[in-house]
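Given below, in the form of structure tokens, are the structures.
What follows is chain A paired twice: with chain B in the first complex and chain C in the second.
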Partner chain A sequence: MKALGRGPALAAGALLLAAVLAAAFSVGGVHLSLFDLVRGDGEAGQTARMLAALRLPRVLLAALVGACLALAGAALQALLKNPLADPFLLGTSGGAAVGAAGAALLGASPLASPAFAFAGATAASLGVAALARRGGRLDLERLLLAGLIANAFFSALLLAAFSLASGEASRTMLFWMMGSLSDATPGKVAALSPYVLAGLVVLLGAAARLNLFAVGEESAAALGVDTERTKRVVFLAASLLTGAAVAFAGVIGFVGLLVPHGVRAVAGNDQRALLPLSALAGAALLVAADAVSRAALAPAELPIGAITAALGAPLFAWLLLRTP
Partner chain B sequence: MTAALIEARSLSARYGPSPALDGLDASIPAGDVVAVLGENGSGKSTLLKVLARVLAPSGGEILFDGRPLSDFPRRATARRIAYVPQSVDLVFPIRCLDLVLQGRAPYGNGFVAESPEDRDRAREAMRACDVEALADRDAKALSGGERRRVFLARALAQEAEVWLLDEPTAGLDPRHRLEFLETLWRVHRERRTTVLVVTHEIGLAVALASSVLLLKAGRAIARGARADVLTAENLGRAFGTPFERRGTGFGVRSEVLPAGSSEL
Partner chain C sequence: MTRNGATGLLVAVGFLLACGGPGPAGSATGGPRRIVTLAPNLTEIVFALGAGDRLVGVSEYSDHPDAARAIPRVGGLEVDPEKVAALRPDLVLAIAEGNAQGTVRALEAAGLPVTVTPSGSLDSVLESIRIVAGRLGRPEEGQRLVAGLERRRAAVHARVAGRRRPRALLMVWPDPPQAAGGHTFLNDILTEAGADNLVGDRQGWPVLSKEYVATAPVELLVTPDSVEARSAWEAAFSAGSLSRGPISLARRVRLDEAALTRPGPRVFDMLEKLAEATQ
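Then we have the complex of A and B:
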């Protein structure tokens, strides 16, 4: 079940991400030669540097957003012992989008939007968990239904906000709904980085406890884990990561569902490996998906969410068929 | 009579508004095998959950080794009390060896248990429960009987002096049931553990237990040595249906006890 040790697996994941980053960096409406960029003499070098300055923030933002969503999905799947858990399907992303869009409508500074998105994501998580709770435990079917309800409700709020807003504001609303990496700036990359780091550190600290949740919450409690505390910490970390990703890139679905499954199939279900590998693989996936969205119909762009959904929906269907 | 290892004093617990334990008194001597017997909903499983600190009591207190159980840090409790839940629904793949190693988690630094010593203990426990050959198999793919023995091995690796087993033989066919009980009996005798077995099978209590705790509606209506508790009158009260003595066992009229269930 486990082909590689944790160290080699992480090194392989990092190499994969580096390769995808380099490839995505050169792909786009205009080809960017890494050779010209490094050699850097003459007109070719100058053009390369200009392109790089435009493209680098976008590629890095895609990597960070992908890492956030995949980490949040992996942690929620382990905590809820549920392969269908994902910040998008559970309504966390929708809550974050409503929070961020609300802030934009109220005229709050863009730098404050992660805080609003985090508040929205946390409220959505708590609401969905409360709806899904039955007899003291989170029920799998109810959880997915509660996510569906939450998503319907948040879509309604976003659509209402979209119709009320005008001009620039309505474009912003569309951004939250569809998800996009096109507004990437170095400032956004810098602002998102600490969230990814904080989420990763907190979740890695909880990884060994999350392993004990694989047999169930009661079993973990009987082995000495303070399960209430672990649940709070992991839910908050997942909401923080989701909120940060949505604040800077809108709602991009299925990354949190897709990535942990792929990683689990290759590297097993030990959260100490699964969580960091999911971060690396999530970054690679979203960078690749973004490169496809830029290059496929250039100069027009495909919405990034369309690509992740095209990959994720079949996987979701397959999981649904397999789940008893 | 030995001093009680576990003592429950007017213990109460509830799920939401409905009480599951309602002023239960019990005293468990060290080294005993105690059958916790009662009809569905009498609070048997809830009692185990409260003892395992999976569920917090809503009233009363538990003394463990003379001290309030809640005074022990959670992990210290887990080193002394092992809980084997009734049925476990595994969703993700997990190797049997890793599952048994979970029993070492209360000893590890930050719940990580993978030292050579931890592995030795886990292997040893798997050998004792006849599941060593399953070490690299996915626990999801095991039969019911194999899975119970793997979970028993996890409790063994935990090196706890108290085992709390919730319906350990439910759903097992007669052969696997007997194999499981033989394993349980053997490791109990080797390690001198105190065992609480929740069951609604009177035959199991007769076969296994030295003493019986008879529950009804969240209270103990009788407790003590097996022969004293398992009277037709007590069982009739606990299960709300007439019982009669027949040979060495008890049966509801028209029910037939499986042959050999009184001698293990």
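Then we have the complex of A and C:
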């Protein structure tokens, strides 16, 4: 930690998220009067409650998806000691989207699509890991390259599926490719929560070992860390988080890349602080981006992926130029 | 195959292409004889002008009038340029909005005479009829058809003048909710039939947020009706984006999807039906 201790930093992060959640809840294409919501009766109160019932699950889903993507990105960056690591670059999101899109194309129930997204994410992770394995160990450079290839392949598959699908199905394909939070329901929020919690717990459990990775794999092994097992656990946790996010919101880019960078710049590289702070900041970022997406073009919506890309790409280019 | 063999084959194919078969001519009898349309509204216009028997290829969804169903297909939104070329058309009709620019350019580069018709307003529907009639060598038929449609349109204007205009949405898809905005022929139909389009200040086909749809003060909701989309609409009405707020209580007018959404002569039938409904 630089300026703050871990406790105060986490408290500050939680406060920031709470503020962003409250602001996002009151922002939108349609004005939501908090007074009407709490006190209103008759038509005004009814309208306010209906709006709240639409907006609250959406804001919460944005928070959970943002936390998933940022956590997965932070974990992969720590694991690979590479600031370019990201669920998108490693093909995990693409695999999840192909799984979910394929299921939709084959006419599977929408309820089953999360399962297919997890399967796709896990299969992509395992495939990429298998390509990157050399002499029983994961070679980190090969891992990034394999992810790149996998991603190109998945993009091509999605485009093929999009041109094969017709009518309603092609709209579903667009959802997977562009990402969207507009289908948020309380059920989805409830279904996604356990994955975020499980991923957070597993990754926090591995945080101390990931700190040793930063020194070097050999040193970590010499200090008694089972490096291969740690890699597997972190890799699978990241896949699970990514699959969950994609299953409920489609592919939304740059969050996993952007957030850990921002957090590291403020709070340093201690994984015990970086991981939970990334979850909080990722949630805040996506909630804010979603509020912009709802308000900017009202009554239409701006695709959320366009906002995260507009924020992420220039900042990332700047980070890259600053790096010696 | 040797290189010489391949060259010989190419030469032979070139020879056949140059000389073989009845060429794309036949303009002596007045106008093109082998017409391909790349959109269903153009098929309808050609039939309305009495030249349906000259069509040798039509787009996938050309199902009106019934005689159009028997004509060979050249693809849907994505047209196969080779299929079109193989039909040796002496006129290809395309629409500006909807047909890929690349396809049109490829057909032009192959030497096929392509005419692109305008879209985006009710006026451009009439303009398209005039253009097609001119290319078919039937300008008088075109003028007659347009004059008849203009008369019916003026009658609708007279009928709705001075009436209270209901606040309306013309939705083209329920989920995600998508409506006809300004600078579309459907916006013209809605407003000329005596309604105010709530999203008329948005250009094109805006996808609306669920919050907006739930709160918009809609009095009249116009939706296209088709067998394929019926379940999607019913789902939106029973539990989806159309199940709450003023829109769920609005008067709903269902108009045949094909007649409503294809900018051909039939949209004037829809204009009259809608004018009845805004009363």
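Operating definition for what follows: the second predicted complex is superposed on the first by the 290 of 324 C-alpha atoms of A that agree within 3 Å, B and C clash if a C-alpha of one lies under 4 Å from a C-alpha of the other, contacts with A are read in each partner's own complex, and residues count from 1 in each chain.
In the analysis below, contacts are C-beta pairs under 8 Å (C-beta built on N, C-alpha and C of every residue); 3 or more make two chains touch, one makes a residue touch a chain.
The model shown is predicted, which means the values in this text are computed figures rather than measured ones.
**Student:** Quick one: on chain A, after the overlay, do chain B and chain C clash, or do they fit? Just give me the call.
**Tutor:** Overlaying the two complexes on chain A (C-alpha atoms) leaves chain C and chain B fitting together cleanly.
**Student:** Of the partners chain B and chain C, which touch A:A296 in the superposed model: first, second, both, neither?
**Tutor:** It touches nothing on chain B or chain C.
**Student:** By the touch definition at the top of the document, which applies to A:A156: first (chain B), second (chain C), both, or neither?
**Tutor:** neither
**Student:** Considering only the touch criterion stated at the top, classify A:A11 as touching first (chain B), second (chain C), both, or neither.
**Tutor:** Neither partner.
**Student:** Please name the chain, chain B or chain C, that touches the greater number of residues in chain A.
**Tutor:** The larger set of chain A residues in touch belongs to B.
**Student:** Which partner chains sit in contact with A:R55 here, chain B, chain C, both or neither? Use first/second/both/neither.
**Tutor:** Second partner only, chain C.
**Student:** On the A-aligned overlay, A:L223 touches which partner chain: chain B = first, chain C = second, or both, or neither?
**Tutor:** In the superposed model, A:L223 contacts chain B only, not chain C.
**Student:** How many degrees, to the nearest 10, separate the directions from chain A's C-alpha centre towards those of chain B and chain C?
**Tutor:** That angle rounds to 140 degrees.
**Student:** On the A-aligned overlay, A:L212 touches which partner chain: chain B = first, chain C = second, or both, or neither?
**Tutor:** first
**Student:** First (chain B), second (chain C), both or neither: which does A:L126 touch?
**Tutor:** Neither chain B nor chain C is touched by A:L126.
**Student:** After overlaying the two complexes, what is the shortest C-alpha distance between chain B and chain C, in Å?
**Tutor:** Between chain B and chain C, the shortest C-alpha distance works out to 42 Å.
**Student:** List the residues on chain A that touch chain B in their complex, please.
**Tutor:** Residue list for chain A touching chain B: 1, 81-83, 135-136, 208-209, 211-212, 214-216, 218-219, 221-226, 264, 268-270, 272.
**Student:** Which bits of chain B are touching chain A when the two form their complex?
**Tutor:** Interface residues on chain B, with respect to chain A: 15-16, 49, 52-54, 73-79, 81-83, 85, 88-95, 98-99, 102-103, 105-106, 108, 110-112, 136, 138, 158.
**Student:** Help me check something: in the complex, which residues belonging to chain C touch chain A?
**Tutor:** Touching chain A: residues 78, 173, 176, 199, 202, 206-216, 228-229, 232, 244-245 of chain C.
**Student:** Considering only the defined contacts, which chain A positions touch chain C in the complex?
**Tutor:** Within the complex, chain A contacts chain C at residues 28-30, 47, 50-51, 54-55, 163, 167-168, 171, 182, 294, 298-301.
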